[in-house]
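One structure is given below, encoded as C-alpha cells.
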Amino acid sequence: MARHGRIAAGAALLLAAAAAFVLPDWIISLATIAFANGLVVLGLIVLWRAGLVSFGQALYYCIGAYAVALVGRATGVTDAFLLMLIGGAAAGLVAFVVGFLLARYREIFFAMLSLALSMILYGVLVKAESLGSTDGFSVASPTFFGYAPHQEKLLMALYWLVLAVCAIAAFLIDAYFRSVSGALAMPVRDNEIRVEFLGMSVSRLIHTKLVISGLLAGMGGALAAFAIGHVDPNMSYWTTSGEFVFITILSGAGSVVSAFVGSLAFESLRSFAFAMLPQLWQMLLGSVLLLTILFLPQGLGSLVTRLRWRRKAAAP
Amino acid sequence: MLTAFAILIDGLVYAAYLFIVAVGLTLIFGVMKILNVAHGSFYTFGAYGAATAIGIYFDRGWPDAGGFLLMALLAMALGLVLGLILERSVMRLVYGRDEVVMVLVTYAAFLILEDVVILVWGAQSYPTYQPLLAAGNTAVGALILSNYDLGLIATAALIAVISWWALKFTRYGRLLTAVIFDRETAAAFGINVTAVYTITFVIGAMLGALGGAIMAPKIAVTLGIGVEVIVLAFAVVAIGGMGSIEGALIGALIVGICRAAAVHLVPQVELFVIYGVMALVLMIRPYGLFVRAQPRRI
Amino acid sequence: MNAPILSVRDLGKRFGAMTAARDITLSVPAQQTVGVIGSNGAGKTTFINMITGHLRPTNGTIHFEQRDITGLPSRRITGMGISRSFQVAQIFPSLTVFENMCAAAAVCRAPKNLLGHLYTPLRSKESVAEAETLLELFEIARYRDTLAANLPQGIRKLLDIGMAVAGSPRLLLLDEPTSGISIEEKFGLMQVVMSALRNRKITVLFVEHDMEIVERFAERVLAFYDGTVIADGTPSETLGDERIQTLISGPRLKGAAGAARHV
C-alpha cells in the first residue's frame, strides 16, 4: 500500500469505529460478523495470490469457533482476547499439521483435499453428542479484561474488538505481501521450477501461507462465535467454505482492504436479499458470482483501480 | 456373519448409488477438465422430475413398469435440457480458463439452479415411496432385501458395462478417448472438439439426473439434496482418480463398503469415514487410484 | 592450475534398464568456459540435471569447491553457488522483466530462514539495485516494464540467464542458451551472455548444438556420446577430431555454412 493508501485506510478505520455511536444496532452486528468473516477472506486472498483456492477454509473457521466455545465451557474463561488467541492458535496448529499434506497439492486437487478435510470435521461434529451434534451449543458472552458489558455495550465492544483485530491483521498481511515470502506468491503461481532453482522451497512457501490463512480463519471463527453467540457444525460444512470463496472472488486479491469491503458487501447483500427476496437469495448469489468471474476477473477491487487508471489517462 | 452379509449388501447398494452419480462427474472431468459442481443440480432436478412422474403415474392402478420408465425418462429429459442450456450459455464462455475458475463457474450455476428448483417445485417435499412398495421384497435367509435395491445394483452394473463398451467400441467413444488423451492433437486431426464437449456435458448431465431419479424413492425429495450429493461424488471421484470411469467404480465400492461397515459397526463415524478414506487415499496417491502423476520435465 | 571448482568422478545415471549417463569423470578449473556438445540423448542434460540436483545420480560423486554435493536437493545446491538456465526459458510470465529480476535477486539475498523471508521486503534497496545492474549487464533494460509473457524469444533467454546470475553463482550451467533463437541472433546473444559472465567471474558450462558458437566461445569442449564423455580438449582439438565429426558435429564445412548465412 502506498502512503496515501494507508492514510485512507486509517481514516476509514476511524470512521468505522466512530460509526458505532450513530448507526443502529442491527448494522453494527452485521458489520461485526462481516469483518470477522473478512479475516477468513483475507486468509483466502493470501492463498489465492499463489493460485490456490481452498474449498475447505471452513475447517479453520469452525475450529476457531469451537475452540472458543469449548474452552469457555470447560474452564469458564470469558475473556475475549484470550479466547480469540486460543481459537486462532488452535486453527493455526491444525493448519500447520495438515499443511504437511496440503502443501503438496495444487489447483483442484488442493481445493478438493481441503474440502475433504473440512468435511471430516463436519462428520465428527454432527455425530458428537457431547458437543450438541447438529444443534451445536451456545457461547457465553465475552468479557474484556474483566469488563463485562451487556446488550448494546457488548455489541459495541465486540465491534471495536473486531475492527482492531482486522486493522492489525490487514497491516501485518500488507507487510507480508511485500516480504520475500509473501511477494513470491505470483512467482509460485507462474513457475515453481524457477522458484526452486532460485533456491527457495515452494512447499515451504505454501505451507507458510496455509498456516497464515488458518490463523486468520481461526480468529475469524472465534470472533464470529462471540458475535453469533452460538456454534454449530454448519460452520464447517462445504457451503460455508463456498461462501468464503465467493466473497474472495467478489473482493479480488488486489489489496488487503478489499477483503473487508467485499465481506461487508456480501453481508449487506445477504440481509437485503433475505428481507426482499428470500426465495431468490442463492440465485442472486450465483448470478453475482457468475458476472464477477465473467466481467470482473480481478474482483470488485479492480473497479477502483480501473477508475483510477482512467482518471490518470484522462489527466494531461 | 449376518452382519458381514448386511454390510456387503448395504455397501453394494450405496456404492451403486454413488457410482451412478459419480460416473457423470468423472466423465465430464475426464473430457473437459471441469469439476462440475452443478452436477448436484442435475441430481436434484432428476430427483424432482422423478417425484413429479411418481405423482402423475402411481396410485392409479397402471402397470408399475411404466412408472419406472416414466421416472427415468422424465429425469433424463430434464438432464438433457439443463445440460444443453448450461453448456451452451455459460460453460462455453469459460473454456480454456483455469480449472479452478471453471469450478467456480459451475458453483455459480449450482447456486442459481438451487433456487430454480424452488421456483419450479416450491419449497415443500414430495412423497416418493410408491416405487419402493411396488417393487416388493425378497427374503434371503434371515435378511429381507428390497427388490428396488437389487435393481439399483443391477442398474449401476449396467451403466458400468455400457460406458465401458461405449468408450471402447463405439465411434464416439473412441473420439472421447482421443480427446481425453490429447486435446490439441485430437483437434489437429479434425475432431470437432466443441461438439464432443457439448455431447459429453449433456451425457454427464443426463447421468446425474438419472442418479437423482433412481434415488428419489429412497430419500425424501426435498430442498438441499444436491448439496450433500455433490461432495459425496467428489470424494468418490477423487479416490478413484478424476476422469477415470473404472476409478469411479472402485471409488464407489470403497466408499460404499466403508460407510456400510461404519453404519453397522460404529455409527458415530458414518460421515467421517467417507472423507477420512478420501484423505487417506490422496495422501498415498495424490491423483487417485487410477490416475498417475505426470512427471515434471525441464 | 588452481584447485578445480567442479570435479566429477565415475558419475552415472540409470532409469530402469536405460543408462542415461555413465563413467563421467572430469574436473573444471575456476573461471573456465566449457562447451558441451553431443547429439540428442547423449546425456548432456542428464549430466546438468545431476550436477544441479534435479536428478539423483545412480553412482559416482560430485564435488563443488571441494564439498561433496552428490544427491543434495537442488535448492541446497543453488544456495551453495551453482545456478542454471533452461532449454525453455523458466521465467515468471505475469511479472514484468524488472519484477522477475528483482524476485530472483531478492530470494538470493534474503537470509536463508523462514523468519528472514517474512521480515525482509522483496524490494529491498539491495535487490532493486542488483536487479537494475543485471538488466543493464544483460542489455535488457529497455524491456524493464514489459510483461515477461510478451517478450521475444531471445530476450526471454537473456532474462532466464540473468535470473540465474542474480544468485551470484560461482558456477553456471547453461542448457542450450541459443535453442529457439534465429541464426542471426545467436552470436549477439552469446556475446552479451559471455561478457556478462566474464564480468561476474563465473565459471560456465554451456550445452550447445551450433559448432561455430562452441568454437567461438568455449575454451574447452566436452563431447558426449552414448551417456559419457568421449573427447575433452580445446575446441580445435575436439572439433577437429574425425571421430567427433562423424559421431556428433558432422564434417566442418566452414565455407558452406558461412555462405548459407549470407543467403
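In this document, chain identifiers A, B and C correspond to the written order of the chains, with residue numbering beginning at 1 in each.
FYI, a contact is a pair of C-beta atoms (placed from the backbone, for glycine too) under 8 Å apart; a residue touches a chain by one contact, two chains touch by 3 or more.
Predicted, not measured: the structure shown is a model, and the values here were computed from it.
Chemist: What are the two chains with the top count of C-beta contact pairs?
Modeler: Top-ranked chain pair by contacting C-beta pairs: A-B.
Chemist: What chain is the most remote from chain B, judged by the mean position of CA atoms in each chain?
Modeler: Relative to chain B, the chain whose C-alpha centre sits farthest away is C.
Chemist: State which chain is most central when centres are taken as means of Cα atoms.
Modeler: A
Chemist: Centre to centre, by mean C-alpha position, how many angstrom separate chain A and chain C?
Modeler: 44
Chemist: Please work out the Cα centroid separation of chain A and chain B, and write it as a whole number of Å.
Modeler: That pair's centroid distance is 32 Å.
Chemist: For chain B versus chain C, what separation do you get between their C-alpha means, in angstrom?
Modeler: Computed from C-alpha means, the inter-chain centre distance equals 51 Å.
Chemist: Two or more other chains touching the same residue: where does that happen in chain A?
Modeler: In chain A, residues 193 touch at least two other chains, as defined above.
Chemist: Residues of chain B that touch two or more other chains: which are they?
Modeler: In chain B, residues 298 touch at least two other chains, as defined above.
Chemist: Please list all residues of chain C that touch 2 or more other chains.
Modeler: 86, 90
Chemist: Which residues of chain C touch chain A in their complex?
Modeler: Interface residues on the chain C side: 52, 74-75, 78-79, 83-84, 86, 90-95, 103-104, 106-108, 110, 112, 114, 116-123, 163-164, 166-167.
Chemist: Which residues, counting only chain B, touch chain A once they are in their complex?
Modeler: That would be residues 35, 90, 93-94, 98-101, 103-105, 107-116, 118-119, 123, 227, 231, 234-235, 238, 242, 267-276, 278-279, 282-283, 286-287, 296, 298 of chain B.
Chemist: Under the stated contact criterion, what part of chain A meets chain B in this complex?
Modeler: Going through chain A, the ones touching chain B are 51, 53, 55, 101, 104-105, 107-109, 111-113, 115-117, 119-120, 122-124, 126-128, 193, 238-239, 242, 245-246, 249, 279-283, 285-287, 289-290, 293-294, 297.
Chemist: Where on chain A does chain C make contact in their complex?
Modeler: Touch residues, chain A against chain C: 176, 178-184, 186-187, 189-191, 193-201, 204-205, 208.
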